[in-house]
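Sharing a structure with you now.
Each chain carries a letter (A, B and C) given by its place in the written order, and its residues are counted from 1.
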Amino acid sequence: MHWLFEPGFFSSQPVHTAFVIGTVAAIASGVVGVFTVLRGQSFAGHALTDVSTAGGSASFLLGISPLLGFVGFGLVGAGTIDAIGTQRVKGRDLATGIVLGAATGVAALLLYYDTIDSATTGATQTILFGSIFEIDPSTIPIVIAFCVIAIGIIAFLYRPLLLASTSNELAAARGIPVRLISLGFMAALAVAVGLSSLAIGAILSTTLLIGPAATALRLTNRTGLALITAAAIGVLVTWLGVLLAYDSYYWGSSQIAYPVSFFIVILTILAYLASGLPVLRNLTTRREQRRVL
Amino acid sequence: MIGADDTDAAGVPAEGEVLGVEGVSVALGGREILDRVTFSLAAGEFTGLIGANGAGKTTLIRVILGLQAPSAGTVRINGRNRGRWNRAIGYVPQKVQLDPDLPMRARDLVGLGLDGHRFGMPVPSAKRKALVDEMLAAVDAHDFADARVGTLSGGEQQRVLIAHALISRPRLLLLDEPLANLDLRSGQEIIALLHRIAVEHRIAVLLSAHEMNALLPVMDRVVYLADGRAAAGTTEQVIRTEVLSDLYGHHVEVLRLGGRILVVAGDADPGAGHHDHGPVRRAG
Amino acid sequence: MTNAWIAATIIAVIAGVVGFFVVLRGSAFPAHALPNSAFAGAAGANLLGINALIGLAAFAGAAAVSIATLGRRGRHDVATALALVLGLALGALFVSRSQEYENQLYSLLFGEVLGVSTTELLPVALLALASIAAIMFLFRPLLYSTVIPDIAEARGVSSHRIELAFLLVLAAATALTVPVVGALLIFSLMIGPPAAARSFTSRVALAIPLSVIIALITVWAAIAISYQTNWPIGFFVGTISALAYALGRGWAAWRVWDDRRAASFKG
C-alpha cells in the first residue's frame, strides 16, 4: 500500500489532528447542511463563513481568542441576516448579500491592518484558505464541544424544524413558533460554520456544508437517511482529501503540496455530479416509488 | 371520447373555430395524464374547463400553449395546426408572484404584453400609451394603473393580467384557475368581466376551475375532465349522470339543488362522502 | 489618479445597470459567486504570465455556464455554491503554486483602484460598452422573463436561455470590475444601490438611471474617503452600499405605513 500512503502518513501528528478536526467538522456540517439546503439558505451558509472569517481577522487585531472571533461574529451575522431578511427567498438573499458585503468590507479593513502590522504575515491566505495541517491540537476538545452543540440544537428542534423547512404556513398553523425556529437554526448554522471556518478555512467550510448535503438529498428523499448520508460523504471526502494533500507533497519534484481545500472541493463536486448519473437516480427513485405504491 | 359536441361526425370543426383539440393524449413518467381529449371552441364562447385537482387541467393548458408536447393528437389554433411560436393566445397563469418592491406599474405590465417577447428596448409612443389605456379601461383598472403591480390586491392583479393578455388582440383567452385565490365577490366580478369581454370582442374564453357553480350563469360550454378523459358540450349535454358516470368509470349521481349542481359519488357506498363538486372519491 | 475616477465611473455604471437585474431576479448569490471564480482566473493567468483580463473573463464565463447548466436540473443555489467553492479552491491552488505576494492577493480580493493604468482602461471601457449593449439587446425579454416567467415562456421566451444569457453578461461585468473594486466587493455595488433605487421609484425607466446615480455616489465617495484615510476602498463600498440598502428599505416601509394610514382614513 506504499504507493497510496506516503511515508510518515500514519505517524504524523498534524495528520492526526487534521483527521479528527476534519471528521468532526464534516459531520456537523453535513447535518446542519441538509437543513440549509432544504431551506434554500445556501447563500446564508456561505455568507456566514465569510462573516466569521472577518471575525477571525478581528481576533488577530483585538488580541482575543480566534474562537471567540469566529463564532461571535458568526452569531451576530446570523442574527442580522435573520432580522432584516424578508419572508420571500429573493428578498432574503438580497439581505444576506448586504450583510455579507458589509462584513467583507469590515474584513478588508481588518486585514489591511493585519498586513501593515508586519507581525502577522500571510494573514489573508491563512484566514481565507485555512490550513488544516497547521491546527493546534489543543483546540480539538473545544471544536468537538461546539460541533456537538450545533448538532444538539438540530436534534432538539428536529421535528418542528423539518415541518417549518417544508412549509412555513403549515408549521405556523400547527402553532409552531416559526421565527424562533428560524433563529435557532441560524444559531446552529453560525456555530457549525464558525467552528469549521476556524478549523478548515472559509472555502472548505462552505464546501462541507453544502456539497455532501446536496448530494445526499439527490440520493434519497428521507431526511433521516439524508443526514447520515451527508455526514458520511463529508467524512469520506475529507479523509480522501487529507490523504491526497499529504501525498501531493511527494508528487513531482517541486516539494510543494497541493492545498487540502482543492482536493476536498474536487471530490465533493465529483460526488455531486455522480449522484446525478441516471444509473444512481433510477436506483433510488425506483426503490422509493415502490414504497409509495 | 364521450359526450355530444357540435362538430359533425368526422370531427370537422364548425365555422370560425378558434381552438381545436383533437385526440390529445399525454403520457408522463409512465402515467397517462390525458386520454384522447377532443373539443372545439368558437369565437365569443365562454367555456369552463372543469375538473378536480390532478384531473389534468394544467397539463391540457400546457399542451394548448405549446409548452408540453402531446404523445398523440393535435391542437389547432384558428384552424391551423399549432406551430411553436403561435401567439394568438392570451394566457393568465394560476399563480403569479409579484414582489411588492417591483418597480413596475400596472400600465407597464400591460405594455409588456404588446412586445415583451421582442429583443431590444421598448420605444414609448402615443399610440402605445393609447392602446394600454384602452386595455386598462376594458378591465376597469384605470384607478390603479400607476400603482406598483406588486401592491395590488388579488382581484386587481387579475384584471391587470387580463389586460396584459388582451393587448395583443388574441382570439383565445386562456386562464388557469383564475378564481382559486379570490374571494367570492372578486371572483364574481372577474367572471362577469370575462363574459363581457368574450361577447364584446368575440374572443373565445377558456378558464379552468374545480368548482363550476360560479360559472353556471355565463358558461356556454363545458369541457369536463376526469382522470384525463374529457366530455365536451353544453352544460345540459355533459353534466348528466350517465355521461359523468361513463367518464369516471363508476357511478356518480348528478343532483340539481336550488340552482346549484352537485356531483355525488355512487350510491353503492352511502358513507363514501359527497362533495360540492370537489375531488370525487373512488369506490374501492 | 484621473484613471481611478474614470475606472470607478465605468464600474458604477455597469454595477447600476446589471445590478438592477441582479436585484430584480434575486441573483445575489451568483453575483457573489462569479467574482470569486473570476479571482481564480486572475490567479491562474498570473501563473501562466498572460493578461489577467483573459483569465478573469474565461473563469467567470465558465462559472456562469456551470451555474446555468447545473441549476437547470438541480437546485440553483447548490449549483451556485459549488461553482463558488470551485473558483475559490482553484484560486487557492494557483496562488499556492506561484508564491503570490500577500499584497497582490489582497488587491485581487479587495481592489486596488489606484493602480489602474491607462492601457488597462481601454479594454475595460470596451468590455463595459459590450455589456451595456448586451443588456439593451436583452432588455425586453429579460424584464418579461424576470417579472412573469410563466407567461413569457408561453410567448416563446425561454427562462433557461435568458438565465444563461444574463449570467454571461454578469460574468463579463464581473471580469471588468474585479481588478478595480476587488473580487469580494463588486457585488455590494450590484445589490445596495439598485435595491435602493427600486424602492424610491415605481417606474423601470427611472429606476435604472437612479441605480446608476446611487452607484456613482457610492464609488466616488468610497474613493474620496479612502484617499483621505488610507483605509481600503472596499470597506467604504461595503458600508455605503449597506447604507443605501437600508435607506431603500426604510423608504419602502414608510410607504407601506403611509398607504395603510391613508386607506384606514377612507374607511
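The definition used in the following text is that a contact is a pair of C-beta atoms (placed from the backbone, for glycine too) under 8 Å apart; a residue touches a chain by one contact, two chains touch by 3 or more.
Please read these numbers as outputs of a predicted model, since none were measured by experiment.
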Have a look at B-C versus A-C and report the one with more C-beta pairs in contact. A-C
Comparing chain centres built from Cα atoms against the global Cα centre, which chain wins on proximity? C
Greatest separation from subunit B - chain, by CA centre: A
Could you please state the distance in Å, as a whole number, between where the Cα atoms of subunit A are centred and where those of subunit B are centred? 48
Averaging only over C-alpha atoms, locate the centres of subunit A and subunit C and give their separation in whole Å. 25
How many Å are there between the centre of subunit B and the centre of subunit C, using C-alpha atoms for each centre? 41
At least two partner chains per residue is the criterion; list those residues in subunit B. 101
Subunit A touches at least 2 other chains through residues 90-91
Residue set of subunit C touching subunit B in the complex reads 24, 136-141, 143-144, 147-148, 150-157, 197-199, 201-204, 206-207, 252, 256, 259
Subunit A residues touching subunit C in their complex are 37, 40, 42-43, 45-46, 50, 84, 89-91, 93-94, 96-109, 111-112, 115, 121-125, 128-129, 202-203, 206-207, 210-211, 214, 218, 256, 258-259, 261-262, 264-266, 268-269, 272, 276
Parts of subunit C lying in touch with subunit A, wherever the complex brings them together: 23, 25-26, 28-29, 31-32, 73-75, 77-78, 80-82, 84-86, 88-90, 92-93, 95-97, 102-103, 105-106, 109-110, 182, 184-185, 187-188, 191-192, 195, 231-232, 234-239, 241-242, 245, 249
Quick one: which bits of subunit B touch subunit C in the complex? Just the residue numbers, please. 65-67, 84-85, 87, 89, 91-93, 96, 98, 100-105, 108-109, 112, 115-122, 146-148, 151, 161, 164-165
